[in-house]
Structures are given as C-alpha cells and as structure tokens.
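The data blocks that follow each hold one structure.
Consider the two complexes below, in which chain A is the common component and chain B and chain C are the respective partners.
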Partner chain A sequence: MKNKIFSISLIFFFLIIFLVFYKGLQNSNIYTPDLEIKKNIPTFKAQIFDTSNEISSEKIFNNDQYYLLNIWSSWCVPCRDEHPFLVYLSNKKNLKIIGLNYKDNNKSAKTFLKKLSNPYELIFSDRDGIIAIEWGAYGVPESFLIYKKKIIKKIIGPLNKEILFEIEEIIK
Partner chain B sequence: MNLIRSIFLIFFFLGSNLSYATNEDLQIKISKNLRCLICQGQSIHDSDSEFANSIKILIKKRLNEGSNEKQIYEHLKDKYGEWILYDPTFNKNTYFLWILPILIFLIGGGIIFKLFIKKKN
Partner chain C sequence: MASLIGFNSLLFGFCFAILTIIFGIKNFRNSNIFDHKIIFFTLLQFIFVVVSFIGLIVAFINSDFSNETVFNHSHTTKPLFYKISGTWGNHEGSLLLWLLVLTLFIFLFLIKSKKQSKKYRILTLLFQQIIIIGFFIFLIKTSNPFNQIFPIPMEGMGLNPILQDPALAIHPPILYLGYVGSSIIFSAALSAGALNYISKEWAKHIKKWVLASWVFLTIGILLGSIWAYYELGWGGFWFWDPVENVSLMPWLALTTLFHCILVLEKKPVLSSWVLVLSISTFSLSMCGTFLVRSGILNSVHTFANDPERGLFILIFLFCLVFLSLFVFFFLHRDDNENTKSFFWLSKETSILVNNWFMMYFLTVVLIGTVYPIFLEVISSKKISVGPPFYHKLIVPFLIPFLFAMAIGPKLKWVKSELQNKINLILFLVVSILLSLLIIRLLDVNFLLNTVLLTSAFYLFFITLRDFFIKGFKNLSQNISHFGFSLLILSILLNNFFSSEKIRNLIEIETFYNTKTKINFESIKRKDKKNFKAIIGKFNIENSNGDIEILNPELRIYNQPNIVTSEADIKTNILKDTFMTMNLVQNQEYFNVRYQTKPFMLWIWLSVLLISFGGMVSLFKKNEK
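== the complex of A and B ==
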C-alpha cells in the first residue's frame, strides 16, 4: 500500500514537471521589451547641445502638449533614414521634438544637422550614454512619445511610415 | 617569532589589497550579474557594445555616489524589467524554478534512503 502511494506520487510529481517544462517550451525565448508603458519620464540634468549650459528635464517637458524625444547620433546610419520623418513631424503644431545627441562629437553632429536640416526644438548631449540608460533606451535611434510627463509610446529603431501614421493619430 | 611576523605582514598586505580593490570588484560583480539586452548570451561585463559600456559607466557612477549593489539592480530592473538580471527574484513566476532543485534533492534523497534501508533489511 505504502509503495503504491509512493509510486503514484512520484508519477504525479514527474507529470507536473513535464507539464511545466512542456509549457515553458512554447514560450518565446526572444526578449521583447514592453512598448506600451505608461511610465513617468526620468529626471536628469543634461548639457544643452553645443553650449556649456545645463538644463533639467523638468524644464523641458513641462507643457501640456506632446513631446517626441528622439535619441540620435551622426554616426548612426538608420538615423539618417528616419530624419525626413522627424522633419515632417516638426511641422506639427502640438508636437515638440527634443533631441538627445548620443555619444557623438559636436562637429559631426552639427554637420549632420546642417546637411539634413534641424527638426529639434532643443537638443541635449549625452556624452557617455547615461541619460539614454535613464530613459531605458537600448541604442540609437530610439524615440519616446511623451504626454503629461509620461511616456505613452516607445519606438525602438528608426521611424517609418506606419509609426508616423500612429503618432499622427495619437496627437490629433 | 620571525615566522609569526612574516605571516602577520602577509595578512596585513593581503587585507589592505582587498580593501583597495573592493569598489572595482563590486563593479565587476554587478556587471557580471547583468544581461546585455542587445547581445546574444553575453553579460554586461563581457560585452563591448555601446549599451553595455554605458551601463558600466552608470554602475561606476552610482557606486561612487554611494548606492549599493541592490539599489543598482533595482534601478536597472525598473528601467529594463527583470530580464536584465541574471538572478531572477523570488516571485509567483519563478517560485517553481527556485523550489524545484530542493524538491528534486529531497525526493531523490528519499528514494535513495528508502532503497538503502530496504537493502539493509
């Protein structure tokens, strides 16, 4: 009798393990970051691009309107591809585009903007990439749509037509 | 007497060496416990990507500012989610993962013990 209970519980135990692992096999093991997070924006102080002045994040995103924070760099090729979309968005009345110049040097960044035009209301520099980490960014390019000091949409990678359409729908 | 003195000296220098290296060691330890999210199978410590390098700078900065190991993990978990930690915390999604080895050990031990007693009898 005792042996029977033991064998049944053993079978039951391994069955549970099998089920758990079987279920685990079906889960995706590719990391997909959350894109729809309504997180508060981080607070930080950053140097304004091409000046020695510092500005705090509270002063940048304080109005009751939409902001698009775009992390860009002159050495990043996809940033060139998405630039026309940013220029297009900069004409929208209720959207301000803020740039975060990521691990770049001033001279090439300035040439980049001169060549492709400057869609940014304000740019601040992130020499060592720490501010991008505070935003939870993975690299360049990356954009964050912000409303009332909350991140309402995170775009990893360059902007494209579909994303542009989505942004236009949100800020309507 | 000489022997005691040299042992004391060795321990003294070893001890002072350790205390000098602590912050850097901790920095390496933390970066080894963090997953590089844009790499394949590499820790922040192993990777030389822009992302990993920025995190290394952040760890150094936070340690210098007086944050401890746990606070740094919490900070990065808040930014990137639990996936960035190699060591998953104990919660409803991971309790089975933590309990399973103990259960297997106990049940395996029980089986061996039972067989052993049977053999003895």
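== the complex of A and C ==
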C-alpha cells in the first residue's frame, strides 16, 4: 500500500506551489517599468573595479544629478548590443553612468571595455552578484535611472532606441 | 462574416464536447460495446474547430479589422504568408490552434485504438474531453479570437517584425503537435492507471504516441532555436531563457518516459514511472503555457499580460494535477512492481540509471526557472539565474550520462555480461587521446573538458561502429544516440573555437587584425513592401587569403515601427560566419559584430538526426 502521509504531503506541496504562483501572478505587473515607483536607492559598500579600494554608495550619488546605474558583464551578450547606447549617453553632461560589473572576471571585463570603449564614470565590482540583488535586478543587462537618490526608471534588458529617447526626454 | 461563422462554430464544438462526455459516461456504465456515435461526435467536434480556425485565417487574409485579433496583429501591407502565419502568432489564435490539435488527436486516438478495451478508450476520451472543455472555456471566456470592434479601424497594428520569419511561422504548429500529443499520453496513462491497464500490450500501443509527440517536440524546439540564432542576432543557439527552458522540460520528461516504455514493453516493471512521467510531461507543458502566457515571466511569447488568463490556466493546471494525483494514489495499484529484481548489469538498469540523470537535469532546469518566482513571492528578493548556473550543474553530470548511453545499449535485457571488452576499451583510449590533442591546443579547464570531450567522442565512436556491426537492428535507437553524441560534440567544439570581433565602423573603413581584415565597402538602401532595408556590404579577408562577402541588414518596419537587425550568416560544413550591424543613435558609424562559429550546421543536423531516429522507429512499427 502506498504511504498516506506521502500522498497528503504531496498534495500540500502542490497547494503551496499553487499559492506561490497565484501570488506571483499578482506581482506580475512589476515587469512593466513604472515611473511611479520612485524607490530609494539601496545603500551599499563595494569594491571599485580593478582596485582594492572600497567606496560607500552614499558618497557617489549626489542630489542634483542624474545617474544611470548599468549592470553589465563581459559574458553577457546583450550587453554588447547596448554598449553603443551607453557610450552615446556618456557624452550627456547632466548624466553620469555608473557601472556595476556583475559576476565577471577582471581580465575579460577589461578587454571588453578596451574593445568597446569605457562609458562609465565609475565601476563597481559585484563578484558574487549580491549588490545586483540588493538593487532588485532581474539579470544582466539592467539599468536604473536615478535622480535625488531615487530610482525613477528601471530598464530591464538591453537599452534600445526608444528607451534612449525616453531617457533623453527625462534628463532634459 | 468569417468571424461570425468562426465564433458560432466554436460554440458548436463546445456543445459536442459536452455531448461526448454525456454519451461517454453512459456508454462507460451501461454497455460492453463501444458506442460508435462517440467517434462521430468527436469527428464533428474536430470539423467545427477546423471551420472556426479557417474562419480566423480568412479574417486574417481579408484583413478584416472588425475582428480585434486581426486588428491587433495584422496589417494590409503584410505579405500573404505572414498574414496566414499571423493567425497563430498571437495568444488567441495560438490557443485556437492548440484546440484544433487537441480535437484532431482525440479523433485519431479513437480510430487507432480499436484493439484496446472499451473502458480504457472511453475513459481516455473522457479525460481528454475534460482538457478540451477547459480550453474551450478558456478560449471563449478570456481569449476569444473573434471579438468585434466598432467602429471598424482602417488599418491594423501589425505583427511584431521579429515574428515575421519562416521558421517561426511553422514553429508553433509543430511544437503544439508535440505538446498536445503529450495530452493524449496524459489522458491515456491516467485512464490506464485508473483501470490498472498498464501492461506490455499497453506500452506497445502508447509507444507510437509517445514517439510521435517526441519527434514533433524535438523539431519544434529546434525551429525555435534556429530562429533565435539568426533573428535575435545574439549569435548563440540556446540562452537558458525561461521560455526555452519550459519547452526543454517536457522534452526531458518525454524522453525519459519513452525509455521507460521501452522497458515496460519487455518486462512488467516501471509502471509507476510511466504514470508519473506521463502526468509530468503534460503538466510541464501546461506549466510552460502558464509561465509564458501569464506574464509571470517576460518574453517574446508573452502576448498580453492579462492576470485573468494566467489565473485561469493556473487553476486549470492544478485541477489536472490534483485529478492525476487522485488517480495515482487511489486508483492505481502496481502489484507487480519489483525494481529490486533488476540485475545490476542489464539494459533496464542502465536505462533506469540514465532516467535518474534525466530527472536530475529536469530538476535543475525546473529550479532554475521557477525558483526566482518563488523567492520573489516569499521574500520579495530578486535573483537572476543565468547560463553559469545551468552549465555548472549540468555539464559535469553529462559525463557519466554519456558513458552510460554508450555502454547501455550494448547490454542485454534482464541479465548480461559485457562483451567485446577489448573493443570498448580500445575506443575509450582513442577518445581520450583525441580529446587530449584537442584540449591541449586551448586555454580552457583541462581536466573537466578533456573528460567531457572524451565521453562525447566515446559515444560517437561506439554508435558509429554500431551502424556497421548491427546494421538495421536497433537502427532508430542508434541514429538518435549517434545524433546526441554529435550534438554534444558540436556544442563543445563550437564553444571552444568560436571567435568574435566587435568594432564601430563607418562606410569605407577597414579594420585590421593579425588574422582578419574587415572591409566595410558600402551601404545600400532598399524599399520593401513592409519595411525599408539598409544593407551593408562587408568584405572579409582572413589570413589564408580567403575572401568572403557578408551583407548584414537593418530593417525599419513600418507597422509597428521597429528596427530589427538581420544577421547575415554564411554557413558551410565546418563553420558559420555571422555578421550583424547595429545603428548607433546620432552617429555615423555602425556597430559591427563579426563572429565565426564552428560546427553550427552540425548542431542543427544532429538534432534533426535525433528526431529522425524517432521517425524511423515510428514508421518501422507502422509497417508491422
């Protein structure tokens, strides 16, 4: 005979899955970038790329300046696609681009920047991906537009032409 | 007009689903002879769904924008081919297609299963009709493809340009044949489980269905992957994207199921395995539908984020899961289950071992896909699971898997001794030497890659040799296993030898490097029916002095207004050369990416070979 406890626990297990999916379903709108969110940016300490210095996030993000935090990695293929956009944006005066180098090794990240040019004011290393989690990132590439220490726009996936226009509109 | 006929025909089809269930239950209880009216009903139901589907196609061809689906997904300037394929290139239409295949398959099943017992046939029909009714309600209530809009718009919104592609036009129908085929297996296994009908004879009968859906699923996944390769312009063929994963999971379950059925054909064991796998194959297909359609995961397949739809599939999915749990725990009895009688060195043991490996791979993919959702709901933390996760967890376990795949088929059923030991060892030595030679040239992790390559080569040689010694015996199995070794080999070699150059170039500029010279010769502009094209002409010279001309393209679609980058890919037997160019905003230059990808063709061919093995087996059975 089959174990009753087993069957009951299995049913429970599926019920839990159901509930989680059900809740997840209601969260699903998070995927549409929302200007209303305006979350405070998380504070964190991180190592500056290719050095051993640590810096706290509070010292970087000034109030009267737009920032674009871009999570990138040399192994991430779409990052290459969006890179020209970042290079283009780096020429804007009132926007500073901060890089978060995600789960990458220094050597290949450096060659990546050497090959494609470096649009970043400053790059953090996020070797184990913890900072990206704190930011609530879904993956690489992902970018956050920041103003007055609040996230005003979140871009999931590579930048493209339309998003570029939007960003340009916002920082005008 | 076409929409009106289509919608009413859909309603008739729904009525016949109810009618079939009523007559089915009556027939199940009262008589010993199968009521042929039921076959007739399912035929009518199928015809009504066909009419409905044709109605939608006609609306698409005529660009009838009073129909909401057509308005949202079509445009008058679209070529006829894409108008037709646009029918299933959207949520509503694809569900109608799904329903079409469901009703077709149950009709075919009833015709093909005449030798089986009456109770089993009726019960399968009932389970299948429950699924069909679920889809009817889903379609009519939340995703009616025949919604009217008034006033009638002059022009449609257009089909997403990246979906305007021949491979993608046939990808959904083929994939659905695989998914829906698994629904027949699900219903059949449930009813066989409930009636304790699982036996050698049943295995022989269901094997054809398993094989057929497996072949379609394999080809469907292949098409999707080919499409992603040349259309998304990333230059890869598998990204471990959740959407790809949800098609891979049923495939893994189905492959395992198939191997279990092979054992069941010979020996009355593993009946619980068969039942659980049949249930999970279909549940995973449904779960995939839920994940990609509900908007929980974001992807090209998320046609519309409508929580109501997601909720419906979710409830429906769990009804089916609980129904099957009920059948499995309360109705199914496996009296003659005796796994312990397996002798350690036998074909069935090796199949069982590899089944466990497949289950492991399935679990890894499942966790990687679903865990981020769980974590977000429970702790509102977000993580991303990327290729490194899958590679680290799957790749090492491929090694024993491949070895078992090489040795397993050499063994006999029940109990066996390993024969031709000298040959087997000889091949192992050859594989090791060959792998050492290749890996030595490269700057990669030495030990892991050598062993991995060795195991792939080993399977390759063993199966290759079997073509000569075994001839037509077990040909289908050998073709598929050979295809699999070829697939792993091509993927590995592709990984080792791929190279890539990225540069910003303007017209008439040339880029030099020790190995290659990329010469951007000119730009041409062309006007096509539904897009404008900017075509670059690149002249590439490598160190041997071979010259290649590549023409990557940028397409600016008019409806909807989207720019896509079309890679130019030159394929030959040994390698693909792959080139894309991208527009950089407000700049004169283009971002140009040039890649060489060895053995790409072999990846596609080997998957075709794998599915071809399945086809051979399918037709062999039919002849008998």
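Here is the rule we use: the second predicted complex is superposed on the first by the 135 of 172 C-alpha atoms of A that agree within 3 Å, B and C clash if a C-alpha of one lies under 4 Å from a C-alpha of the other, contacts with A are read in each partner's own complex, and residues count from 1 in each chain.
In the analysis below, contacts are C-beta pairs under 8 Å (C-beta built on N, C-alpha and C of every residue); 3 or more make two chains touch, one makes a residue touch a chain.
This is a predicted model, so every value here is computed, not measured.
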Report task. Report for A:52: first if it touches chain B alone, second if chain C alone, otherwise both or neither. Result -> neither
Report summary line: Between chain B and chain C, the one with more contact residues on chain A is chain C
Query raised in the report: Counting only touches as set out at the top, which of chain B and chain C does A:103 meet: first, second, both, neither?
Result: both
Requested in this report: In the overlay, answer first, second, both or neither for which of chain B and chain C A:139 touches.
Outcome: both
Report task. Scan A:25 for contacts with chain B and chain C and give back first, second, both or neither. Result -> second
Report task. Examine A:11 and indicate which partner it touches, taking first as chain B and second as chain C; both and neither are also allowed. Result -> second
Query raised in the report: Should A:128 be classified as contacting the first partner (chain B), the second (chain C), both, or neither?
Result: first
Requested in this report: Examine A:116 and indicate which partner it touches, taking first as chain B and second as chain C; both and neither are also allowed.
Outcome: second
Query raised in the report: Between chain B (first) and chain C (second), which does A:77 come into contact with in this model arrangement: first, second, both, or neither?
Result: second
**Report entry** Contact residues common to both interfaces of chain A (with chain B and with chain C)
**Finding:** 10, 20, 31, 103, 129, 132-133, 136, 138-140
**Report entry** Complex contact set, residues of chain A against chain B
**Finding:** 6, 10, 13, 17, 20, 31, 33-34, 103, 128-130, 132-136, 138-140
Query - Residues on chain B engaged by chain A in the complex (per definition of touch) - result: 37-38, 49-51, 53-55, 57-58, 61, 79-81, 83, 96, 100, 103, 107, 111, 114
Query raised in the report: Along chain A, where are the residues that touch chain C in the complex?
Result: 2, 7, 10-11, 14, 18, 20-29, 31-32, 75-78, 80-81, 83-85, 87-88, 103, 115-116, 129, 132-133, 136-140, 156, 161, 164
Requested in this report: Sort out for me which residues of chain C touch chain A in the complex.
Outcome: 233-236, 290, 294-296, 298, 305, 307, 310-311, 314, 318, 321-322, 325, 329, 372-374, 376-378, 381-384, 386-388, 502, 504, 563, 582-587, 591, 593
